[in-house]
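There are two complexes below, and they share chain A, which is joined by chain B in the first and by chain C in the second.
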Partner chain A sequence: MDKKTIQVKSLFRPAIIVPAAVVLVLCLLPQFIKGYPLHTLTLIILYAALGSAWNWLGGFAGQASLAHAVFFGLGAYINSMLQVHFEVNPWVAMLVAMAGVGIISILVGLPVFRLSGPYFSIATIAIGEVVKIIFINWKATGGAVGMYLPIRESSLLNFQFNDKAPYYYIILAFYFVAVSITYWLKNSRSGYYFRAIKEDPQAAKALGINIVQSKLLAMVLSGMMCAMVGSFYVNFTLYIDPDNVFRFMTSVQIALIAVLGGVGSVWGPLIGSVIILLLSEGSRAYLGGIGAGLDFVIYGLMIMLIAIFQPNGIIGAVENYRKKKRLKKRQMQEATDAAKEVGDHGAA
Partner chain B sequence: MFVQVFMGGVLLGFIYVLISLGLTLIYGVMGITNFANGDFLSLAMYAALVFNVQMNLDPLVSLPLVVLLLAAFGALAYQLLIKHVLKASNMAQIFVTFGMMIFLRGIMQFAFTANYQMVENPLVSGTLNLFGASLSKPQVVAAAGALIATIIIYLFISKTKTGWALQAVSENRDAASLMGIHAQKMYMLAWIIGGACVGVAGSLMAEYSYIYPEVGAPFGTIAIIVVALGGFGSVPGAFISGLLIGLVEVVGGFYFEPAYKYLLVFGLYFVFVVLRPQGIMGKRRA
Partner chain C sequence: MPQRRWAIMALLELTGVTKRFGGLTAVDNVNLVLNEGEILGLIGPNGAGKTTLFAIIAGYLKPNEGKIVFNGVDITGKETHKIARMGMNRTFQVVKPFSDMNVVENVMVGAMMRNASVKRAREKAMDALEFCGLAHRADYLGRELTVANKKRLEVARALASDPKVLLLDEVMAGLNPSEVRDAVEFIHRIHARGVTLLVIEHVMEVIMPISHRVAVLNYGKKIVDSDPKQAVSDPEVISAYFGSTDEGRGDASC
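Let's turn to the complex of A and B:
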């Protein structure tokens, strides 16, 4: 085989072909899908981006946060407050929101990272509740009623459109940013640090890894990404209230999407988001009318079944399957080699 | 006035202690946090309501039946769900109980609608004067009942052989199984006790509280905070922190802004646990 065929062959590896196909399909979908399905698709990509951000902290660094809705909601709130009270351009407001949430995540991270395991997760629940209570009672943010964004002319600069498709492409671009960061983390020194901390914090420390610094980096990246998506969300819905963005179940859903897809994987959150949103939106659309609550019954049931039968997530299951196949192949190879050897020996 | 508010805090605290007991036992023996605990409580309250509407039983009378039902439900949850994630990752274990939480809320909303309902003509009502404080009678009964149930559970754990076995599994699972203790049986026992505790609490609360599908949700969250503040797996820790949180909630809510009472509770937890990560009575885990 000459060098050229090897190069061509390596370009057509599944590791490149599959993501390229996914990207292409995601970009072309609005050509075929309109109206409510496109709205759902936008939410799927939105949650995939949030799930990816969770994955950096929860999947790579092993800090299972149950407060990611806080970063998301704070991003949305900072963005809309700047727009409503100071008439700041939405994109500028987004950058400010990301910077603000980045700083907040350091302030939150410093004390919380002293805790580990369930103590960490429960402390994040407490943070989520505290933030929600503050925003429900804070007059400047409209309290429990929430706030509306001013309607502007449809343009990219105003972050408002008459059509749904531009929103979809914006969140898709944001999601690709998240995917790129995940790729970078998977192969960078920082990413290895994160995983070392997850596997064995003591050993990581002994190797000279600055644990708090690494965890803070994961937290800040994750928080800023959520703030970016939150900024998108409020410009997409033009309305925000505390119960909407700070709901505990939103935090749970973000973590669930990442875990269901596959902890620490690049494309897992997208798979998780497709499944979870189709489940929750689908059961709401088809069962919501029959009897209130039945949609939650199905949704809850599916979560329990997935946690029991597919605890490593979909990507984990696929990898296990491939590993088994490879192992079987190797065993077959070894068996034939051994048989051959015996045969050679016999012949000699 | 202070006595009045203080007593209110203590009454609420005893309920919190009882609801947290099962949670801390389950965590102690198997390291799983039951996020559906609050929804078990809602279920118990609905069970009391059904007995009241269908058979005209007062929640205080149907209490043993509700306790049996909830204990059976705890066993069922263990057998059908928890048993299958014993060896799974922490996240899978958490998500099973999240799934159960969403599932139960859905079932209750479907079966009983989202409307607020109440037990009609409860056996105990009105107010009572105690140490110069005017307290709601059903709440005093509930707190007393919760205290009695807590003492019974505590005695069971510390004085009976089965209770010792439970503690042994909690201390060291492998050593306990070498001593011939069947760990899985103890796991199930913890879930049965957990169900029974919420069964008692739910019956007592059904006497005076509105009942709706999410009624138990805030109690579930508070109970998790109580357990984490007291130290995971510690019964005395849950007792102290349950009382403390009840007091902070009621006294703080009275002297500051009622809207901010949970802010004080979560703030207290947050500050405390950052300074002392293992909680009041918890053991330091590496």
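Let's turn to the complex of A and C:
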């Protein structure tokens, strides 16, 4: 009987209860929310998935990319090109898009991972701009005008629905895939290696870690997830153009969502996404035209505030209070232990 | 002469290794042999080139000239992680713990080199921590340790990867006399696990009781390679080593 109570108790740990509640709420929300709010909610989950993907590369492995909109956009473009030009099924197109972006991220990663810190980030910005220019000038993808997907009958196989709710559930499922990968990373050798590389690449090498290989794995995982979400996006909106999917500000938003929520955390990107999306939707609704520019100012401010006061984001802030208390206790413990050891040896 | 208890086989062999930083020759045409099962002390005044030599052996720096053979394989210019996987690990004079990981996690990263399973790695890490007397700090963050404990953490992390050869760079710096006694015993215990050791120590009193053999570097050149007693009484060592300690050629040890 004792054993049973322990098992039951361990099931009610906050580490299990809180995520379970979050999952439940997310699944039930469309019962209460319809129309435009559900559309916004869909975007929130979409960005949470992108933020999670960013987190693997930026949060775990410490490679702060500012080109994640590129992976997202390439996924969307490959998907729609396959549908428009070759009449491929959207789901098959999604798998091809993911594979394609996976390969592209290796090709991009090999040279870019020679750079570190801010140089890496700057290089990713440059890549983003180059890709955008290519797509603006590329006839096959409709150039600056973009591409429309053909309207099909509402069905899961066609990835098109008359109602908003199915879209929401699809992106929610994608997001849960991202969350599962984050959980896996937290508890796998690869995840440990990513973190070791972020903390100290020199020490990581000494422990047999192939740094380039680990970073590439992070990049490929991250890129493929973004391509999956990008595929969803184009099927959701049925239209894309380069300005829309390759926006530099989208890359900034993705990074900000992960950093604001908490680098390397499982649920942080969801919190970050709620805040950033409500902020940008809100400023657009209340401030109209000027709101668009104001976003950027607010993002800039946020980046500075996070950098100065809370590098570990919101999840980090929650943990911080406990940590600070513990640290003080530990520093004292270390000091008294050291003193005691000296005393012991002195007596001996 | 110290008795040789091990079959003599060169596990690590350096031939004519030279490293220049601009005009400075930090390591100058060094030949060095580390035999299997040996504890070899590497000493010399500040700036003699000891740490640089470690960096070359472990693949952090490419030598300008010379050749390094480990376990019969030429590893000159080989990547660090490959050398580590071949069974040669180092610790850092300037400690490099993973600050935001806790102590077990730090050591687990080392253990993962030979264990893909996280669970196995955790067990191995706990063993290594136990061995290094750090088990009571298992859930501390790397950054929360004292410098002495950070040094132990580095040793534990390296040991968890089951190295054949361990390169220790001043893991005993800044210890008081009684702590030195513990450290000497600690080194012997590591050796008893079957690990061949190359130990840099700045302080003669530490290196003498543990080393089977001592090599002395001065201005990048190996000036002596002999048994410890002979090394301390060598006039060249006395003038080069002891003569220069007062001058202080810039201390990188911290």
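Going forward, the second predicted complex is superposed on the first by the 298 of 348 C-alpha atoms of A that agree within 3 Å, B and C clash if a C-alpha of one lies under 4 Å from a C-alpha of the other, contacts with A are read in each partner's own complex, and residues count from 1 in each chain.
In this section, a residue touches a chain if its C-beta (ideal position, glycine included) is under 8 Å from a C-beta of that chain, and two chains touch if they have at least 3 such contacts.
This one's a predicted model, so the numbers in the text were calculated from it and none came from an experiment.
S.K.: On the A-aligned overlay, A:Leu41 touches which partner chain: chain B = first, chain C = second, or both, or neither?
M.R.: Neither partner.
S.K.: Would you check which partner chain A:Ala206 touches, where first means chain B only, second means chain C only, and both and neither mean what they say?
M.R.: Touch partner of A:Ala206: chain C, not chain B.
S.K.: Touch test for A:Ile125: chain B only (first), chain C only (second), both, or neither?
M.R.: first
S.K.: Between chain B (first) and chain C (second), which, if any, makes contact with A:Arg195: first, second, both or neither?
M.R.: second
S.K.: With both structures fitted on chain A, tell me whether chain B or chain C touches more of chain A's residues.
M.R.: B
S.K.: Report for A:Leu149: first if it touches chain B alone, second if chain C alone, otherwise both or neither.
M.R.: It touches nothing on chain B or chain C.
S.K.: Touch test for A:Ala178: chain B only (first), chain C only (second), both, or neither?
M.R.: Neither partner.
S.K.: Output the chain A positions appearing in both contact lists, the one against chain B and the one against chain C.
M.R.: 202
S.K.: For the complex, which residues does chain B have touching chain A?
M.R.: For chain B paired with chain A, touching residues are 27, 31, 33, 81, 84-85, 88-96, 98-111, 113-114, 213, 221, 224-225, 228, 232, 257, 259-260, 262-263, 266-267, 269-270, 273-274, 277-279, 285-286.
S.K.: Under the stated contact criterion, what part of chain A meets chain C in this complex?
M.R.: 187-189, 192-193, 195-196, 199-200, 202-211, 327, 330-331, 334, 338, 341-342, 345-346, 348
S.K.: Flag every residue of chain A that touches chain B in the complex, lowest number first.
M.R.: 58, 64, 111-112, 114-119, 121-123, 125-127, 129-130, 133-134, 136-137, 202, 248-249, 252, 255-256, 259, 263, 291-308, 311-312
S.K.: Within the complex, which stretch of chain C touches chain A?
M.R.: Touching chain A: residues 58-60, 79-81, 84-85, 89-90, 92, 96-101, 105, 108-110, 112-113, 116, 118, 121, 140-142, 144-146, 148-149, 157-158, 161, 176, 178-179, 181 of chain C.
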